[in-house]
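Two complexes, one shared chain (chain A), two partners (chain B, chain C).
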Partner chain A sequence: MLVVDNLKKDYNGFQAVQGISFELEPGDVFAFIGSNGAGKTTTIRMIATLLEPSSGTASLFGVDVTKDPMAIRRMLGYMPDFFGLYDDVKVWEYLDFFATIYEVPPRERRKVIDNVLELTDLSSKRDAFVQSLSRGMQQRLCLARCLVHDPKLLLLDEPASGLDPRARSELKELILELGRMGKIVIVSSHILPELEGFCNKVGIVERGQLLSFGPTSDLTRSSGTTKHLVISTLGSPEGTLAWLTSQPNLTEARLNKDGNIECSLEGDDAAQAQLLKSLVEANLPIRTFADRRIDLEDVFFQVTTGAVN
Partner chain B sequence: MVGSKWSKLFRGNPILAAGAGGSTRVKRSMTGTKSSSLLVWLACAPIIILSIPLINAAGMARQSWVVLLMLAAVVQQFLVPAVFYSAVAGERERGSWDLLRVAPVTTHQVLVGKLLIGLRVLLPWIIINAVVVLLCVLSQDNQRVSYYSSYSYSSLPPYESPSPFLGLGILFSNTLAVAALTIFFSSRMKRPFSALMSTYVILILINVIVPLMASIVAGPGPGLGRLSIQIGVVGQLMELQSYRSPEYSPIFIGGELFMVLSVLAAVLLAGWAATTLDFADRNVKFITKKEAK
Partner chain C sequence: MATWLKESVGGYFDNPVATRDLRVHFRNGRIVILLVLYALFVSLMAQLSIGNIQSYPGSIASAQRELVTAYFSLTGLIFGLVSLVSAMSAAFSVVSERQRKAMDLVFSAPFSARRYVLGKVISGVRYSAILIAMSLPAMAALVVAGGATTLDVLLHCALILASSTFFTAVGVAFASYAKNFIAPLAMTLVVAFVWSVTLLTLSQSLRVVSSISAPSVVPTAFPFVSCLGLLTPGLGAVSPTQPVQVYGFTTQAWIPALVVVLLAIRFAIVAATTGLEFPIGKAARTLRVHGLVYVFVLGLIIAAAIVPPTSSFGDMYQYSQLASRIFAPVLITTLYTAPFGSDRMNQPPDRTAFTFKKILWPYSTNALAYGLLLCAAWWVPFLALASHARNGIGLTFIFHSCLITGFFVALLRCYSHLTKTTEKAKGFLVLTLLFMVALSVGFAGDGTALRLVQEGSFSVYDLALIRPWLGYTQDSFNFLPVHLILLSVATATLFYAAEKRSRRG
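For the complex of A and B:
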């Protein structure tokens, strides 16, 4: 497992990362969310042994990143936010080069390359030149490179940036498959919809601090103290909205683009039931009254303030 | 312990294994110049062309091999940096440097690997120079060949240059030093072009500007001017040519010492480059509160 404990990074008195802590188990696909400059890449680079932490520790299966970086490097695959591909090299040559660097035995190399090409759906491009691949394929090739030594941890920094919807969808499938294979996958991004649906854990970082961390399902569920509701009415939505804004415990109420009312209610399930009862008693023609499903974007805006480093 | 360290740099160096076992394209990518092989063959062309009349002269040209070596030394000052300038700066510009740094290899292994793979790209240059110079020597009269093969300064008749093996040693030790100098600049700079230009500036300083300035300051004749000429490889070969002549410098540092100094410089520069390579911290720029004000 990966244990990150109070990780900090200072740059000449400026704290880029201010004591980030979290734990991940094999099979976890972790969405590391934050604005540009929030400290995601710095944290990832510390875990990847590219930056030395100012204090705190990160350990992968008991191996400390600062004490034995070489052992950590053998266990991790790192995909930065740029491809870093060599020009004028064939796909198999590129993978063979990295397989050699990672000391994959010569007799196994061909099989390993074929396997990662199959996993990333690039088998047909084995003899193609790297620069002739589309952006999506190059991204998959980068992922294939990360996999040649069968790492236990994958650090993917903004993996879907610049990809078209199809390539993005294929990448999602691939990351899900890697999670099913028992690898710990950390995906950093500031484009939240791309993380939706395939990460089982989420961490939100702002100004170098981890503001929220936990299973995606917990974070995207309405919390016990605030209910997010969607109400549609057969009558005038404006009239219903006016009635709602006069109610106590309603912190926010607005019309959405579909003409429905979205509101936030401070209170528990009983308060929600009471509100429905009041609406009916006020003879408002309510058609639907439901919990609004919140997504990662909502959670992100709730948790963060928009401040950047 | 020390043996194990050296073994990791050479025999157990994965970068070297990847480059040596890889295709020509991989080797070219590792040195950073796509057209490095073409450059090497282009550089060999004038040496081969000039060698034909010199070999045909068969003894007429007293020190024809020295002329060849001096031309090779001049060409080498342009060729070697052109092969190595992109070795690290190119990786950084391409964004592949981090991929090497997260691999289980040390920066020393990366640098030694790149240096040796680059020298392998330069192998045709090394072989052709050696063959051409030896052919020139063999085309001369038997007595001179026997003098040359004795490899001794004292056994040579007056006005005769020492062994061509010494000349080749001077040339190839300089190949190593220039390669290390280029890799040093490549590892210290973000842009490959800056690394190339910086290397050329240093080489021009060593081979042209410093000897010229020293000659102007010290005046003609033996002394500081003659000594400074020998710092550069071309000047060193010139001094070798004038061995035992009246113009010969009394403070000749000697070809062997030049070779030792060149190899030492190469080791120091490569080592220094490796220890300063880890500047990812400096890649990440943050505006401090003080700067923001």
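For the complex of A and C:
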């Protein structure tokens, strides 16, 4: 498992990362979200052993990133937010280079290269030059590079940026498959709705601090002590809306475009149950009463203030 | 042991960086055109040299001397071109990888910075080997004409390869810290110049102790040999097969030259690795250990080559001038490998508890102690072997050199606080050094300063003394006590200012 404990990075007095802590289990696909300059890439680079933490620790299956960086590197695949490809190199040569530096035995390299090319659907481009590939293909090639040594942890920094919808969908399927294979996957991205579809854990970072961390379902079900509800009625909702507006712990009661009532309740699950009971006792024609599903974008805007480093 | 062996051997063979560069560099058609142009140029130069001598009006002996000079000129030309091309290609390769951010991909893999640097050096040396091989027909033509022997050519080729490897490693070392291509190239040329002057002096000192007998084909006096010593640092101002004495043993000149170059290559590779290694603390300590070894061996070599004086100051001048010239690379090593930078970036756990155990740690508060350790590494073998230096004048001279090291360390610490980054601080220091050398040479090189001193002008005499790399004269030495006091005050003031700033920051 990956344990990040109070990780800090200080640049000459400026704190880029201010004590981030979280834990991930094998099979977790973790969405690491935040504005530009929030500290995502710095955190990822510290875990990838490319930056030395000012204080705090990060360990992967018990190995500390600062004490044994080589052992960590054997277990992780890092895909930065740029391609970093070489010109005049063929696809198989590119992968062969990384298979060599990831210490894949020479007699297994060809088989490994063929496998990752098949996994990323690039087998037909084996002998093509890297610079001749489309952006989506180059992105898949970078992911293939990360997989040549069968890593336990994948760090994907903005993997979907610049990809068309089809390429994004393919990438999403690929990341889901990697999670099912038991790898820990950390995905940093700005495209929040897409992350929600395949990440089982979310962390929101702002000004170098982790503001929120937990399972995606928990964060999108409710945020703090506010319940978001959708209520539909038989017939006209006007009477129910008027009743709801008069309740002291309800805010933002309004009709949505479907003619249903949306409101926010300040309180916990017990307050939600009490509201339903009150609605029934008031003989209002309630047809459905449910949590309104909020997406990651809603959570992100609720948790963050928009401040950046 | 097995891991170390695998890492060491694997660094040279089956190096993926070298393999990839081989595939990439020679896939491009431009390289063939450049190689052909090089071969044509070298052949043309050889043809012009031989053609001129064929119509030489003098005696056969003087014509042979001209042939030897032509051979050395051609060798120097080949050396210059080969070193420049290999250093440029390696430095450009590193910088371009940094610019396209490909290094992050390599160093997030279990691939050591040392293997990466070795791969880049191998790629550069591969160019050198090809260029040297393409030069062989031109060199062979001069062998046939009588300008050199086959053994001379083979040894020259080996030394050119070794020296170009050194410059390639220097190019990679600077490129590993730089973000653009111009800075490492310019710094490599500066190092080439300093190194050339140093090796020229070293070869001259070796010649002094040797009982020179003219080599079979090289006449005792050939006019351009000093210039060639500058151009071909690996060769020095002597023929490779010329006998020299080191520690009482007679050996051929190419052996000590090769040892020095190999030592320097090792140092440059460690310096390059430090720029890329994580965590930086461990790498920096390794660099400091290599700096110590480098300076210590250099001290031993120079001390062994010093001629014992027979009388008073005249002989003191001879060896002080010689040793002080070599002091320049010692100073540069100190400034390059010592820990500097703002204390906020390299804060020791407890700055008041300095211990010698932590002298190699990359904390800027250790800079002075480390600088003095390097001075000791340099002067202890010198004093041990050169017994004639163990007198009042010699010890004063040594104290002066140590004080100047301390002065520059203090100056660099102040610059680091002013500029916030070590790179900028070191850049300013290089400019300061160049300025002081220019002043010293300008005022004192032609005796101007001494004349002004004799005329009672107090303002410029000091300039003549801030130049131990140029040596003393009897007149300037008389002012040394005043100079030492002023330099001590300046050094202490600078250190006080730097420490005060550290504690405040």
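Going forward, the second predicted complex is superposed on the first by the 255 of 309 C-alpha atoms of A that agree within 3 Å, B and C clash if a C-alpha of one lies under 4 Å from a C-alpha of the other, contacts with A are read in each partner's own complex, and residues count from 1 in each chain.
Everything below uses one rule, namely that a contact is a pair of C-beta atoms (placed from the backbone, for glycine too) under 8 Å apart; a residue touches a chain by one contact, two chains touch by 3 or more.
Here the structure is a predicted model, which means the values were calculated and not measured.
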Task: Once the two structures are overlaid on chain A, check if chain B and chain C clash or fit side by side.
output: clash
Query: Who does A:164 touch here: chain B (first), chain C (second), both, or neither?
result: neither
Query: For A:86, is the partner it touches chain B (first), chain C (second), both, or none of the two (neither)?
result: both
Task: Considering only touches as defined above, state whether A:25 meets chain B (first), chain C (second), both or neither.
output: neither
- prompt: Which partner does A:266 reach: the first (chain B), the second (chain C), both, or neither?
  reply: neither
Message: If we overlay the two complexes on their shared chain A, which of chain B and chain C does A:118 touch? Say first, second, both or neither.
response: neither
- request: Look at A:73 in the shared chain and tell me whether it touches chain B only, chain C only, both, or neither; answer first, second, both or neither.
  value: both
Message: Per the contact definition in the header, classify A:16: touching chain B only (first), chain C only (second), both, or neither.
response: first
- request: Please write out, lowest number first, the residues of chain A touched by both chain B and chain C across the two complexes.
  value: 12-13, 45, 48-50, 52, 70, 73-74, 76, 78, 80, 82, 84-89, 93, 97-98, 100-103, 145
Field: chain B-touching residues of chain A, taken from the complex the two chains share
entry: 11-14, 16, 42, 45, 48-52, 70, 73-74, 76, 78, 80, 82-90, 93, 96-98, 100-103, 106, 145, 309
Query: Across the complex, what residues on chain C touch chain A?
result: 14, 16, 19-20, 23-24, 27-28, 100-102, 104-112, 278-280, 342, 344-345, 420
Query: So in the complex, which bits of chain B are touching chain A?
result: 14-15, 17-18, 21-23, 25-26, 28-29, 34, 94-105, 280-281, 284, 286, 288-289
Contact footprint of chain C on chain A as seen in their complex: 12-13, 45, 48-50, 52, 66, 69-71, 73-74, 76, 78, 80, 82, 84-89, 93, 97-98, 100-103, 145
